[in-house]
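As written, the chain order gives the labels A, B, C and D, with residue 1 at the start of each chain.
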């Protein structure tokens, strides 16, 4: 099992390698009747496109998406939506050398261990380009969520040691800087830090945060299909993610119950709410009506220019320098990937949830 | 979908509520030919049993497991293994009051939001007793892994602010103290801390760590079914878990690539290894042959004796005190639950992996 | 994979062997709020109980079902419903001899080929008792369908050469004769035929027919999850079924298009209908609003008293006579099993279908 | 759920409409290391291509397949294989009229009932062109099976009243006549029959038979995932199939046990076999080592030139004549589709089966 499928009702299957003919995704289970154009999808893809600043690789792909099926007269038909982005900029020659050794921090060795050999061109299936299919599908999920009044806001929370300040938080800033930080000051500081990393032929990690507004209460399941468990898997399935936490997250481990519990209250309109949100919007695996807030830790780009020790396929030692230019930080381009995966999980949970109550079902089919 | 199923080939389905007739699990897909007795399973269940120390609820359940199917003449037959633990100690009267209000930090409110009503006795399906099915199934997975030379070691890494010391790490200590800490000194300190919490009618969170030895390289899948993504989901599906990280985890976000990359090397026997293990044993979603190391952050027990503010079902405010005795910390009893979920994920990945290479398949059916 | 799970949203997992401790099923995904008592389930189980006439084995099991979880204060909670029927009448001694040879027409040989050994007592997992779990789950599905106005009527269409007559069809007769035939005359004739079979130490096959009324149009999916494809799998998964057809079935192969097409028309109320129903109520995999009609061919009971040639496990030849009394025909007791499987498929398709249209989803979550 | 996915380990997802940009399939879970070229797949696609004789529509599509991913240096990599066939011959104008009414025997009405509207061009997703994805994937499954010594032979068994004769059966004839009949005499007779149908502006049904040689015993599962149940679903998921039977099939219903049971015997080499094969190669859901033999009943092409009565979307009556030329019989072109679906089921069952026995697993990972 290559494991390239995701979702229960809104199911996606992605395919494609960095230097193959293209990258794509098939979405099986998109509801019928959604207005959908290539531009809806392109807007999301453009957020992960390389070559947009000094902090992402200058490989310039136009990454134009083409809808191959599932849309008729501008609307989804309920049948599979097949999307393709053709690869344009593949210079396989650049990658011939890396076929012979195992790059530290990459999946070269594990691919060989699993499959016996690998498509070594640009990381093959483990390239960042694999996320194109996720983002293309996620853009459609997000469009549906938007119509349901559910909005996702995702941004860079930290890069290396530079973290955004709660006081300066400004969502309007997110798309104003190349690092997608909601804090202009931190963004400037982080750019300086990244320039240092680059001049030291090095790279940096960081943290991505996602906030989901408008989620109704009671979505998700109480045991294995907890909403937070599915978000954890979705986000952890993105290459380079090494940690996931929701609400107070790892800090909860140091707290006392009296500090971490969120008291329930009732607002003027009669809506039950929580006074605080240490839970991050999910209790017992089901949404509690508050904002859903989670974070993902992203490791530093493993492709660095400085000399590294490693081995060849036969085990013999070799010192390597990874050529070509690589993003000094994965985080900014991964922001939209995290948002896309979250959108897929949230929408799927909402669709699955329609059959939770007999009354709703009888009403639906009345 | 209640979402009580887990796994692809080694599939489990759990059932049961805290105060229903019992708790159980059906394992569909256990290979034929495993020697299995109730005592194999009981040994695991006893590790999560309440009433074993001053730090767990004195509710004394014998929690005896009964094998109902799938084992014939002492061996698994390949057909579903049905396991049941009868509930013995259910005093529903204790729980009548909590039917009327929503306990902070619990799933009471979200259950009502999803299903319209709930089995309010002892947390119903969201009780810690739900994990009995996980542990019973996990014990069987672990027995198979043991025969493959794969061992899991799981323990309490921290309770509140008290963390184990790497210098004093002693796996032999884990079962020597009621907190399952591999550090006698930290265990004593943590017990003092928990006594403080209890005298303050409060509770504490903590961190669980799991180390897996003997895992062959190349297990797991490169995209959505990454081994770490499945571990993340498995562990996050345990109630009270708020964070998950692997290897250097959230610390990777603050590091540089040159610090976080693990150099490959080759030992005398010709085995390719990593010199360090910041990756935590998984690269690109597939095991790399190193130890797999992950951590889970567990929130403090939400049931605390001190007065809390909340609302009734109709939204009216109420001050509550949760009666009965509750564990002041979830962590020690959750250690075996984390280990069980990890065993399920690891075994399933190994079984799925058998069809990765055509050569192996042709050899298998020769 | 033992393959004991069935369904997408309304998922069941069955377990148990003929001579183990019991037989059971876990239903994961039953909507919350259904009134459910053991008597609802028992009514279905009683329809497949042995020992009810001269044409079924006199092994008298009371087959009492017990609800173990998922029901609180008389209503389903949305969490897994675990059901158990304890085995009572297991005399393992009766079956010791068959451990040594392979009975013709049974799964003895294939079980050994797959798993290396088998629980040989009474057929083990391949016993007819395996269907108890299906029927218990099916009874719940049927109860929900009933509330949606969907009724299933299943009966014996033929036994050996004796077929019901369309002219004498009387649904009221089905439960009036031990063969579940909707034709009193055919039932008498079939009983005579079965007596002949029994006196000749032989058995008979037959055909079961199922008619589903009240199904809304548009349920099912157009490609692999066609409603008829899922019915085919469900019915074919019942032991002894050797053929399945819908509507005109195999006769359609001999017809011309002008004979087989069903013309659409419109009734006074404006409802679009078909003038005929050669399609059997499904077009392109989706229900068309007509009656769904399908048939299953059931082979004769393989356990017959007359001498048969076979081999022992080591391949040496042996002549055997299967002892004990066995049903001379499987069909009557399988009628409720076919109905149960159909109910599971139909309900699951209805639940899956709730997310087909965006408009309905937006309306649902408004 | 559009339901366009199929398989457990060797999973496929098909997409595409008759008059969209193309038709395709993604295969997720193909083992690594299979030599694969476009010509392997093309050979299968050519068997279902239209325009090859007077008995199939003259719409001439070249139907050239392109491999988009998953193959590197001539071998499958273990990652998803994406295949596309571009549509070339779409004249949407031809189909504008059928948008307004519901063709008898087609899915027009049910599509509208399910999704609210439909892509009416050439049947949209319910076109016969949907099977291109199945055949493309099936060709790969068949190539793997071939390397395991498993061969599928599929042919037309009957067209209308014309059936092949067992005495004249000659597999070498199958590709020698446009009807894929293994009997030259019957093929001639059937051609005459089809010419009559065509001159009467009518069409014919027929029966397809598939024989699988070389299958090891013990493949498939004993309960819901019976090998015959999965074959039934796979074949029934092909449009126009109305019946499925295995071995003696519907005839078993008329037989006695003594006639239908297959006696076991042992050949000179010590292999256990059956003397007859009424079972069709599967007992209790698992292969028994004999030939697997099944049949599918295919309805007559619903698109016929003669005038038919139907209704418009608003229910008003209309007499229609379906323009354009259509195959007078679906059977010959469906032969390779049936074979492809069978190959997918058989291969998947073999892959799933690798984890049936603990001994095999321990041996595999030794």
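Here are some notes:
FYI, contacts are C-beta pairs under 8 Å (C-beta built on N, C-alpha and C of every residue); 3 or more make two chains touch, one makes a residue touch a chain.
This is a predicted model, so every value here is computed, not measured.
Among the remaining chains, those touching chain B as well as chain C are A, D. Matching the C-alpha atoms of chain A with those of chain C calls for a turn of 180 degrees, to the nearest 5. More than half of the contact pairs at B-C come back, by residue number, in A-D, the repeat among B-D, A-C or A-D. One simple way to say how far apart two chains are is to compare their mean CA positions; for chain A and chain C this gives 45 Å. Each chain gets one centre point, the mean of its Cα atoms, and the points for chain A and chain D are 38 Å apart.
If you average the CA atoms of chain A and of chain B, the two centres end up 26 Å from each other.
Those residues of chain C in touch with two or more other chains are numbered 1-5, 9, 14, 29, 32-33, 78-79, 114-116, 125, 216, 222-223, 352, 355-357, 359.
Across the interface of their complex, chain C is touched by residues 1-6, 8, 14, 102, 104-107, 109-116, 125-126, 130, 158, 160-161, 197, 200, 202-207, 216-226, 228-230, 232-237, 239, 242-266, 270-272, 274-275, 278-280, 282-289, 297-304, 306, 308-311, 315-317, 352-353, 355-357, 359 of chain D.
Across the complex, chain D is touched by residues 9-10, 29, 31-34, 76, 78-79, 144, 147-148, 216, 222-223, 350-352, 354-362, 364-365 of chain B.
On the chain C side of its complex with chain B, the touching residues are 1-5, 9, 11, 13-17, 20-24, 26, 28-30, 32-33, 66-70, 72, 75, 77-82, 84, 114-119, 121, 124-125.
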